[in-house]
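The structure appears right after this line, and notes come after that.
Chain lettering (A, B, C and D) follows the sequence in which the chains are written, and residue indices restart at 1 in each chain.
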Amino acid sequence: MDSITSKILYNEEVAPGYFRIGLEWKGVLVLPGQFVMLRVSDSLDPLLRRPFGIYKVLNPKWVKSAGGYRGSGIELLYSVVGRGTIRLSRRVAGDVAGLLGPIGNGFPVPEQSRNKEQKVIMVAGGVGTVPFYLLADLLGADSALLVGARSKEVLALVKDFRPLKCKVAISTEDGSVGAKGLVTDLLKEEIAKGGPSVVYGCGPLGMLKAVAEVSESLGVDSFVSLERSMACGIGVCLGCAVKGTEHAARPGRPPEYVMVCSDGPVFKSSEVEWSRL
Amino acid sequence: MKKNDNNKTGNNKAGKGVTKLPSMAVNVAGLKLSNPVMTASGTFGYGLEFAPYLDLSRLGGVVVKGLSPKPRPGNPGPRIVETPCGMLNAIGLQNVGVDAFIEEKLPKLRKVKTRVIANIFGESVADYVLVAKKLDGARGVHAVEINISCPNVKKGGMSFGVNPKEAARVVRAVRKATALPVITKLSPNVSDIAEMARAVEEAGSDVISLINTIPGMVIDIEKRMPVIARGIGGLSGPAIRPIAVRMVNEVYNAVSLPVIGIGGIMNASDAIEFMIAGASAVQVGTASFVDPQAAEKVVDGIADYLVRHKMSAKKLTGSLQK
Amino acid sequence: MKKNDNNKTGNNKAGKGVTKLPSMAVNVAGLKLSNPVMTASGTFGYGLEFAPYLDLSRLGGVVVKGLSPKPRPGNPGPRIVETPCGMLNAIGLQNVGVDAFIEEKLPKLRKVKTRVIANIFGESVADYVLVAKKLDGARGVHAVEINISCPNVKKGGMSFGVNPKEAARVVRAVRKATALPVITKLSPNVSDIAEMARAVEEAGSDVISLINTIPGMVIDIEKRMPVIARGIGGLSGPAIRPIAVRMVNEVYNAVSLPVIGIGGIMNASDAIEFMIAGASAVQVGTASFVDPQAAEKVVDGIADYLVRHKMSAKKLTGSLQK
Amino acid sequence: MDSITSKILYNEEVAPGYFRIGLEWKGVLVLPGQFVMLRVSDSLDPLLRRPFGIYKVLNPKWVKSAGGYRGSGIELLYSVVGRGTIRLSRRVAGDVAGLLGPIGNGFPVPEQSRNKEQKVIMVAGGVGTVPFYLLADLLGADSALLVGARSKEVLALVKDFRPLKCKVAISTEDGSVGAKGLVTDLLKEEIAKGGPSVVYGCGPLGMLKAVAEVSESLGVDSFVSLERSMACGIGVCLGCAVKGTEHAARPGRPPEYVMVCSDGPVFKSSEVEWSRL
């Protein structure tokens, strides 16, 4: 993990309210599912950095020994939702921005990723597609991406996945693209197809809960990437705590709570007290 | 360290006069710092977490997360929320407990050439004493900072920090329990900060640090609930700096103890403001979240200022003209 | 207006239930406002200065600059300085005096269809009484707001606002001197705001407004002098909002008087936060400097929220879930 | 006076650290020497608007009855000195910005401006040239502009005045352009040339004091444009007070102090307590 001042390479709207931003970061090593803390402006308001998942690695090279990609920079994909992301969306190429990361554990990259034994089913809600691009690229046909979204914005979110070998299925609330309904319905179908599989989820809390429940009820392990307001991103402010179950016990960790930034953001669903989220 | 040892900060040997490189060293009532910049409790973990980002040995000192007799799990989340130029936190004093600190953290911290200040708290005077005693024998701890902004469970949960008598009781007991320099950290949530300062001076504190956070609330207007699960959190960050600078100046004028300034320091000029107002040293808090290198940048910036003004750190303290 | 008249805000006639356009009207202990949005004293001049920018009749009420028995010149400059998300001011209560207000300003204000609240202050209880009596007879004044954050010259300059007994003395005396609704404006600079609130309730105040500014200091590090000539100024603006919301909630829980929320309101959602915390009405302060149309925009935004949530302003008050 | 949301037409660096910004404002009437309060960003930090003199009027038309120019917008010229102006300098054409004004009394426009009886000597320190462009344009050969600056940046500050009929003289601290020394030396020379004249000053406080002293000692009236930190710009916060002399007494004004925003920014030198500034 490092704290750098990065140069913005590009920052462009890919669909109404969705931007991708490229940030220079020579030699960075990224595990799929990791995130960064980004300073959106040099103003004191908003004060805190904002967490964003790493979407792509620029000029990526898979480093097997490290289980991650090494590259010359990163690309983030973000939706404009509030004060911080509004300001971020106004920044232009050439500007510099404080960048901290890559942070967190990321999704487990199955050892069998190259031998098709276990299928990884990735379930994304909206911009929750972000942590799955690197994985989908890596796993190819051994993986499936199920994306739930409100409406047509989903097309912008899945566009980059189309050229990959990863299977993509879509559901929208209004039925405008893909199946009408919930992404968990797609999940049930996908699990029902059989074969050993593991489920990875990223998106709104309600969706993650449903993903964990569906997976458990069908006897499949699931991992979820959680979101919490964050101040530090490095496990020291203790602000991003969520209640862990006994399965979350790890040596040397503070008792009872786990930190989304330093213990996560990816947790095995059984490690989290869902009722306290 | 005797009570009457409490002269204002003096940078001992180096203080012969200003030479080309002004002296950054300060001696805060026996706590000798290579420069006046420390980190604030609860914002710097146990110090080691920051080793990847800055050179810990370049800091004057590191104040670790508040320690209690037993490990504490802390509050349910959400625990933090951003506010205009600040943030609220209600961490609930989560910590590994004094024993784990001494066994697991301290041995590693000893290897880093910096001063370690242990911040302590409790729910009763006995709690504070217990923690202070354990730390007294622990090699590598250079001072104890008493966080009195804690609920006094025996007195219906009212904070030690808003009642001069209760605060004095804690300080007196800790003063007896340890040979280390004792810093008392004041709560800003009082009508008269000078009165609190005099009470803890009287009770034998060697140093006063201030301010701790100011209680605040943010409401989610869609859910009509406080954003922070516990309702109220402590406000920190640049928003509170003018209040903190004023209080540091009031305390500096009220007592003869050295003062450590805390509250919204984001950069060197903010730190210098506190020193001019009367602080012998400062602590960088929330800024370390915004930029993990903040504290080291503050050191550099103070050095630049001292060079430009041909002044020692010691001279800067209390140099306010009216 | 009798003391026991002090029920929580009720929007009298209009309160039959929520219809398509939710009622914005509030009745704050007899002070009937068409909506809960007022302007804060000292930030809106004598009201008329804002006529070019907004429709004064669309505001719930206008609180004018603090009035004293005689005109006051105020403090030497600099009187203001910007701070992170806020500002300090030490205007020194410059004002035209109560007589000039009644003769020159009030006749023009009467022509504007809004409620006029006269903010008053003094250096002694007699001062407050004198101003209150003069305003009592003045047509076009709908309530009196007592600013108790003023130095009590007879008691060595200690503020009326930090001592419950002194505050109660002022309130009791003003209560007797006028038939208008009496609002007491609390200073946040106290250990226990609920205690202050109970003291002024006991003394016969009809309404409590809070918070006034928080004392702060900014230092020019090149000159090593306070930026503000008087050294200390009052902090206002969004920086203090979390503190203000917390205090409004504490006061709401402590007394049965209606509460007016003040402190860092920049837009409608900020105002709604205060109402959820317990405020029957709000005052927009520093925001009017940042945007002279701010208060009217707050009115519009609250209306939108109430429509969206199918709620009356009255219902919003104190709707915080824990 | 009005409070509007204005569109930024352009915002460009004219010399290192100096920018000119064009703001749309249909129908605006400007008296020479007036200023505006401009919101530099929509962040809460910096919170307060910043005061800037009106440099030019876009598509100006002299309206004799009103003693001012009417146009389709305004141009400001500002130097980047701190948090607010740094942010302002990053804004781009098409952005919008809160704008309040035109504020203040402006410099008196001599009635004889069209008959050459009285010469107006304008003395500017650095970017203090701003309030004089409209005047110099109006008065032409009946006026002289004396500019003092640190060094070569003065060239960017006087460039726009060159095509006007107004006489321009320069002094710089380092002597790199024009006379080496103080602008008040130029002022003494100019007054010494004789004929009825009046002196207008805008610039740093020290310079204004010297301008007032020199003028008084040579028996010439002088007017100065003062600067103070401002919160409201409309006379209500009472933050921009300066101590006035008895000459400043005006009916209905608060006692003793004058407000730079609403009573000024231009004051007759004799109205101001210089010792208290």
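Here, a residue touches a chain if its C-beta (ideal position, glycine included) is under 8 Å from a C-beta of that chain, and two chains touch if they have at least 3 such contacts.
Since the structure is predicted, the reported quantities are computational estimates derived from the model, not experimental observations.
Chemist: With contacts counted as defined, which of the two, C-D or B-D, has more C-beta pairs across the interface?
Modeler: C-D
Chemist: Would you kindly tell me how far, in whole Å, the mean C-alpha position of subunit D lies from that of subunit C?
Modeler: 37
Chemist: So the centre of each chain is just the mean of its C-alpha atoms; given that, what is the distance between subunit B and subunit D in Å?
Modeler: 47
Chemist: Find the geometric centre of each of subunit A and subunit D from their Cα atoms only, then give the gap between the two centres in Å, rounded to an integer.
Modeler: That gives a centre separation of 54 Å.
Chemist: Which subunit D residues touch at least two other chains?
Modeler: Counting only residues that touch two or more other chains, subunit D contributes 44-45.
Chemist: So which bits of subunit C are touching at least two other chains?
Modeler: Residues 84-86, 237-238.
Chemist: Once you've mapped the touching chain pairs, tell me: line, ring, star, complete or other?
Modeler: Complete.
Chemist: Would you mind writing out the residues of subunit C in touch with subunit D in their complex?
Modeler: 42-45, 49-50, 52-53, 65, 71-82, 84-87, 89, 91, 94-96, 104, 237-238, 266, 286, 288-293
Chemist: Would you pull the subunit C residues touching subunit B in the complex into a rising list?
Modeler: Against subunit B, the touching part of subunit C is residues 83-86, 88, 162, 189-192, 214-219, 221, 223-226, 231-233, 235, 237-243, 245-246, 249, 264, 269, 272-273, 276-277, 305, 319-322.
Chemist: Once bound in the complex, which stretches of subunit A touch subunit D?
Modeler: Subunit A reaches subunit D through residues 41, 43-45, 87.
Chemist: Which of the residues in subunit B end up touching subunit D in this complex?
Modeler: Residues in contact with subunit D: 84-85.
Chemist: Using the touch rule from the top, collect the residues of subunit D that touch subunit C in their complex.
Modeler: 1-3, 39, 44-49, 98, 100, 228-232, 234-243, 252, 254-257, 276
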